[in-house]
Amino acid sequence: MNLNELLPELLKGLSNFTIGNGVMILAALILIYLAVFKEIEPVLLLPIGFGCLLANIPLAGMTAAEGMTKVIYDAGIKTELFPLLIFIGVGAMIDFSPLLAQPRMVLLGAAGQFGIFGTLMLAIALGFPLNQAASIGVIGAIDGPTSIFVATKLAPELLAPIAVAAYSYMSLIPIIQPPLMKLLTTKKERMIRMEYAPKPISKRTLIFFPVVLTLVVGLLVPEATPLISMLMLGNLLKASGVVDRLSNAAQNEIINIATLFLGLAIGSTMTAAGFLNIDTGKIMLLGLFAFALDTVAGLLFGKLMSFVTGGKINPLIGAAGISAFPMAGRLAAKTANDEDADNFILMHAMGANTAGQLGSVIAGGILLSVVSKLLGI
Amino acid sequence: MNLNELLPELLKGLSNFTIGNGVMILAALILIYLAVFKEIEPVLLLPIGFGCLLANIPLAGMTAAEGMTKVIYDAGIKTELFPLLIFIGVGAMIDFSPLLAQPRMVLLGAAGQFGIFGTLMLAIALGFPLNQAASIGVIGAIDGPTSIFVATKLAPELLAPIAVAAYSYMSLIPIIQPPLMKLLTTKKERMIRMEYAPKPISKRTLIFFPVVLTLVVGLLVPEATPLISMLMLGNLLKASGVVDRLSNAAQNEIINIATLFLGLAIGSTMTAAGFLNIDTGKIMLLGLFAFALDTVAGLLFGKLMSFVTGGKINPLIGAAGISAFPMAGRLAAKTANDEDADNFILMHAMGANTAGQLGSVIAGGILLSVVSKLLGI
Amino acid sequence: MNLNELLPELLKGLSNFTIGNGVMILAALILIYLAVFKEIEPVLLLPIGFGCLLANIPLAGMTAAEGMTKVIYDAGIKTELFPLLIFIGVGAMIDFSPLLAQPRMVLLGAAGQFGIFGTLMLAIALGFPLNQAASIGVIGAIDGPTSIFVATKLAPELLAPIAVAAYSYMSLIPIIQPPLMKLLTTKKERMIRMEYAPKPISKRTLIFFPVVLTLVVGLLVPEATPLISMLMLGNLLKASGVVDRLSNAAQNEIINIATLFLGLAIGSTMTAAGFLNIDTGKIMLLGLFAFALDTVAGLLFGKLMSFVTGGKINPLIGAAGISAFPMAGRLAAKTANDEDADNFILMHAMGANTAGQLGSVIAGGILLSVVSKLLGI
Amino acid sequence: MTPDLQLSLQITALGMGLVFGAILLLWLMMAVLTALTREKPPASDSPKAGTSTQADSNLLVALLAAGMALEDQEASSARPLEMPPTAIVSAWQLGLRTRQMAEKGNQARPPRY
Amino acid sequence: MTPDLQLSLQITALGMGLVFGAILLLWLMMAVLTALTREKPPASDSPKAGTSTQADSNLLVALLAAGMALEDQEASSARPLEMPPTAIVSAWQLGLRTRQMAEKGNQARPPRY
Amino acid sequence: MTPDLQLSLQITALGMGLVFGAILLLWLMMAVLTALTREKPPASDSPKAGTSTQADSNLLVALLAAGMALEDQEASSARPLEMPPTAIVSAWQLGLRTRQMAEKGNQARPPRY
């Protein structure tokens, strides 16, 4: 090649720029804007947005066979290492004592998973094949790493929209939930006071819990083992109190590095070809539906428990039985408190919220188990 | 597959559960118990125990071709990266000035390695092939990363029991050593006082030492180079005083992450098929023998030095010439002090203990060198 | 093999030692000496020196197919991950406000890159092929990661001498620049005072800047995208203020670990066969030439700006338009202050210095772009 | 109803059934675990914690909730209260800790992963 | 002149042209960006920063430069000055921060990567 | 005696011989190194360290050992003593540092790897 042919070559970046690139860069800028100025899950959406930006600069080579984001994607997403590493850190940040002090609250963590399956049904009805429908449904786990883990196994081609939906809506919980709470509960129900008489929880209980839980869930739902075991490993590191070095590493360097690279790698899959289609729009709507359905199912189950116990349960805590910690718990407590300034159900709501974190992971594993067996994967 | 066939599929986790799994899970629980409640090397035994737990949950897929612990094993154990990364951090934590201030103490670091070779002989006598016998013998290095490094090279199939033995017994040093000390020394010997006249050690000496040591050992025992050089790299990072960022990274994030993953990966090799056999029992006994033999050889050599110097050496410091720092040094000093409340041999014992750390790595390299050449590896 | 044949085998380390090994070990010791006692870029030169030491211990196996430094080299240098990870951290440490407050200062960041191309020409004249000449020229970027990134793409066989030259001379800036400053400027020029009336810079500007810069540079010079985008990602993490966890991880664990391993891996390529030749000597001289030429071009451009503005620009700040931050900026300010104790041009020099950081990366990308297209890579 | 929809209904029934089954088992497991591992509350094993008794907990819950309401509006500069060593504390301290971790003063939500 | 040298001259001309072109574009971009994102200086949004006004900045530059000269000779133990929230501060604080990071007291240069 | 056992004996003899040989060489190396790199003790290069002289060291060793004995029984809350800049200090400080690293108050042993 001589110098005359060089100039057009040098401008190939611009000449290869497509409208699709332009739209995706706009999407990237919106994600970065939401992350930075609206503070919507910035630790995830900022890297995802930036990764999307990079993937849509023509010929930059970041996503090419030997490009940086491809290397990171292969190392951490394909192997599913990143969501599991993040779970070690998350586990080390969870405190199960509010749940262990009121074990019956764990029931509320089951109802709040209905959004997963309801959304799966709707997605099937909209024509998505089963593997994709299940991956979309798992947005209803309202738990980033769980959604990413399941989607990577079942439908990696939908990873980016699913991750974006999962993390975006998580920040919208304070907007999504309160209207549904007021719609589905009566003023009288919201004013129900709950007694707080927690069992004292010993350090030994907190240490045994993650080990026993790993065993029980692992034996019954093997597909949930990677997720639940890493969550519990992190929790054991913290609860044991004897490996503070490892616990701190899990809560800091491991989770921070995995999060940054996970975001970049997921964002780098957001190419115009894969992202700019009607399915992405459907997924965003289905994700919103999943979040709302979780809340509705939780509230209805709360009302059922209230009825069964003869009015001793405030149904608002049903809405807290999802994974978004501690937002969902606080919203339930705040809504009750708004109705009656002397009504404090924070501790019950926190127990339900912790149950929702467990329920999400278990439900994700069950979904993965059922669907992968049906598909013969 | 239709839904009728699904339920038995879902319960396959339970139906694949074997007695072997049960026994190994019990072993895992014991390791976790020892780590958490007895604080026996928790940073290693807790992850090893948890890894063992995971490996014995049927169909969980953690150890399968693309499972998480397999990915980690291939990345860090097969490549021998983890023990070497740990050694960078350990090196940055060792201070060689007590040894450099009393150079003759280095001799005590040689005798305390006899357990390696004595155990190798016994293992051969018990019918182990040479590669396995050498790997078992290196438990007598009383140094986790060295044992793991050598065993990975020579007999990776024995990695788990060797690592478990090495780390378990290390915590039992305070139980194993004192009776042998009292048995093999006279009261008069234990009461020998030693003068402490350390040479002043300059910063330059501390900087040159790791560099020169790497060169000398590397040229004479090339197989010891990976181990000794990473230990010395870490030490140089610290001693130089000009790269505190790197020194801190070695002592914190690098060593913590490598330790957590090393433990998980080693634990994940503890399957019933590989672990539940008579060899594992033999290895545990041989490991205990190696620890005791190290102590005995150290004490006898201490008595020899005492004799040669006309009673100027307290033979107890011979028992400190092993790698377990600073436990062995403290035990020797305490035993002398118990006999005579005015007898302080702590500094000599610490010098011997530091020598034991060096001696262990060198002996591990020599063993690897001799055996791999004999086997034509 | 029997025991009689063993002893010569054991001494093979010594018998394989070549004069080349000896010379390279001497070179390693010099690098370590410069790093530790002269504090010449110790975070890089200490690991490079130690890696060189290891590569020249015969049969140690560190650089063999499965050796540690080879594993690290393949994981981080071949994939170009390490320089990019380092750039994330560097980006999070750069503050663009002094530049944004005086945008015209950015012009000075262009002239200071002439050393890149001037050195390329000289290297061609000395007989280096184009790919090597360009890699040598990029030493004139005076920016370690940029030099390493470009050299890895174009001429990986020259990586070690280029990296060593780039980092060594960077510390010699305080020796290289002042004489050229005095030679090329008149006392009157050096006494020129500059008014400081910075624009107030809003937080929003600092947030938009890295995003827009990535887009503009990425679209025009795709080959510069990996470098500039990681620098800007790090800067965005910091400037956004919403992801302090990720910003801290970038500035600490990510950059520290990448730096240590980068140094080791580059050092491990310094074998006698590849390093001990006349080319290495030429490269070291060409690197020095590149540094001097950058300074000269910067000063001459500063004089031009001074002339064009009718003496409102102190030409000394031209010498600050290189990547060595904050040394170059301080030297310019100090030289002006030495001439006239009331003359403070620090802020202008810092703006020019920041522009030099940007200009280096852009010039590196442009060079890579032009040369790789000419060579049809 | 198409076969696909029928299948998805079945998956939902089976899935939610398994989720509730697993959660019920979890309840059982938690009950057994807490029963088996119960300890007598040690006299004063944690000297850092305050001396307030279990009886104070309702008041505390009220205080906590009030603090939470405040916190939702603006970052409070108040020092965390001393708490008794019950389950409440940990949940609350987690909240405080995550808030501190989010180093921006005006950010009410903790980081999510 | 050999063809190789001619080519290298062309590369230099093209390369420096592109560098200057890119930098000019950058200048334009920075000018537009700062113009578009300009904010009215908030009354007191950053309570930690001092109250000194823009007018003090020349004095400050002098102080900073004096401090810098000192620092080049020996590590100063003085506390960093309170600065107004302008561009100056950040550059200077970066200098201070990097010095603190270099934990050896007698090391004037920051780490480089 | 089987050939295997004979081989293992030979390995032991050779191995321990090499270990002692390497250690003797190490001794020599250390002696030469300390001799070559000896420095005159600087008058007051480390102002943080105390002023106690070499002569105090026996007393210090006693104090240290006494402290160690205490520490074996329960975590001492005493502040680390000021030490003279000799080899003793570093070993001891290592002990203290590793103890502090093991953040549980009642844990006498440092972490092991």
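For clarity, chains are labelled A, B, C, D, E and F in written order, and residue numbers in each chain start from 1.
We take it that contacts are C-beta pairs under 8 Å (C-beta built on N, C-alpha and C of every residue); 3 or more make two chains touch, one makes a residue touch a chain.
Nothing here was measured: the structure is a model prediction, and the numbers come from that model.
*Asks:* Which one of the chains is farthest from subunit A, going by Cα centres?
*Replies:* Between subunit A and every other chain, the largest centroid distance is to F.
*Asks:* Could you find the chain whose CA centre sits the greatest distance from that of subunit C?
*Replies:* So the chain farthest away from subunit C turns out to be D.
*Asks:* Determine the centre-to-centre distance between subunit D and subunit F, using the mean Cα coordinates as centres, and give it in whole Å.
*Replies:* One centre to the other, that is 46 Å.
*Asks:* Can you compute the centre-to-centre distance for subunit C and subunit F, using the mean CA position of each chain? Integer Å is fine.
*Replies:* 41
*Asks:* Which positions in subunit A touch two or more other chains at once?
*Replies:* 3, 6, 10, 39, 42-43, 220-221, 242, 245, 253, 259, 370, 374
*Asks:* If you look at subunit D, which of its residues touch at least two other chains?
*Replies:* 7, 14, 18, 107, 111
*Asks:* Across the complex, what residues on subunit C touch subunit A?
*Replies:* 79-81, 84, 207, 211, 214-215, 218-223, 225-226, 229-230, 233, 236-237, 240, 242-243, 245-246, 248-250, 253-254, 369-370, 373-374, 376
*Asks:* Quick check: in the complex, which residue numbers of subunit C touch subunit E?
*Replies:* 39, 41-44, 86, 89-90, 93, 95, 97-104, 106-107, 109-110, 113-114, 116-118, 120-121, 124-125, 130, 133, 144-145, 167, 170-171, 196, 198-205, 208-209, 212-213, 216-217, 220-221, 255, 259, 324, 326-327, 330, 333-334, 337, 342, 344, 346-347, 350, 355, 358-359, 362-363, 366-367, 370-371, 374
*Asks:* For subunit E, which residues count as touching subunit C in their complex?
*Replies:* So the residues of subunit E touching subunit C come out as 4-5, 7-9, 11-12, 14-16, 18-20, 22-27, 29-31, 33-34, 37-39, 41, 54, 57-58, 61-62, 64-65, 68-69, 72, 86-88, 90-91, 93-95, 98, 107, 109-113.
*Asks:* Quick one: in the complex, what on subunit A touches subunit C?
*Replies:* These residues of subunit A touch subunit C: 1, 3, 6, 9-10, 12-14, 17, 25, 29, 32, 35-36, 39, 42-43, 46-47, 50, 53-54, 57-62, 66-68, 71-72, 252-253, 256-257, 259-260, 264.
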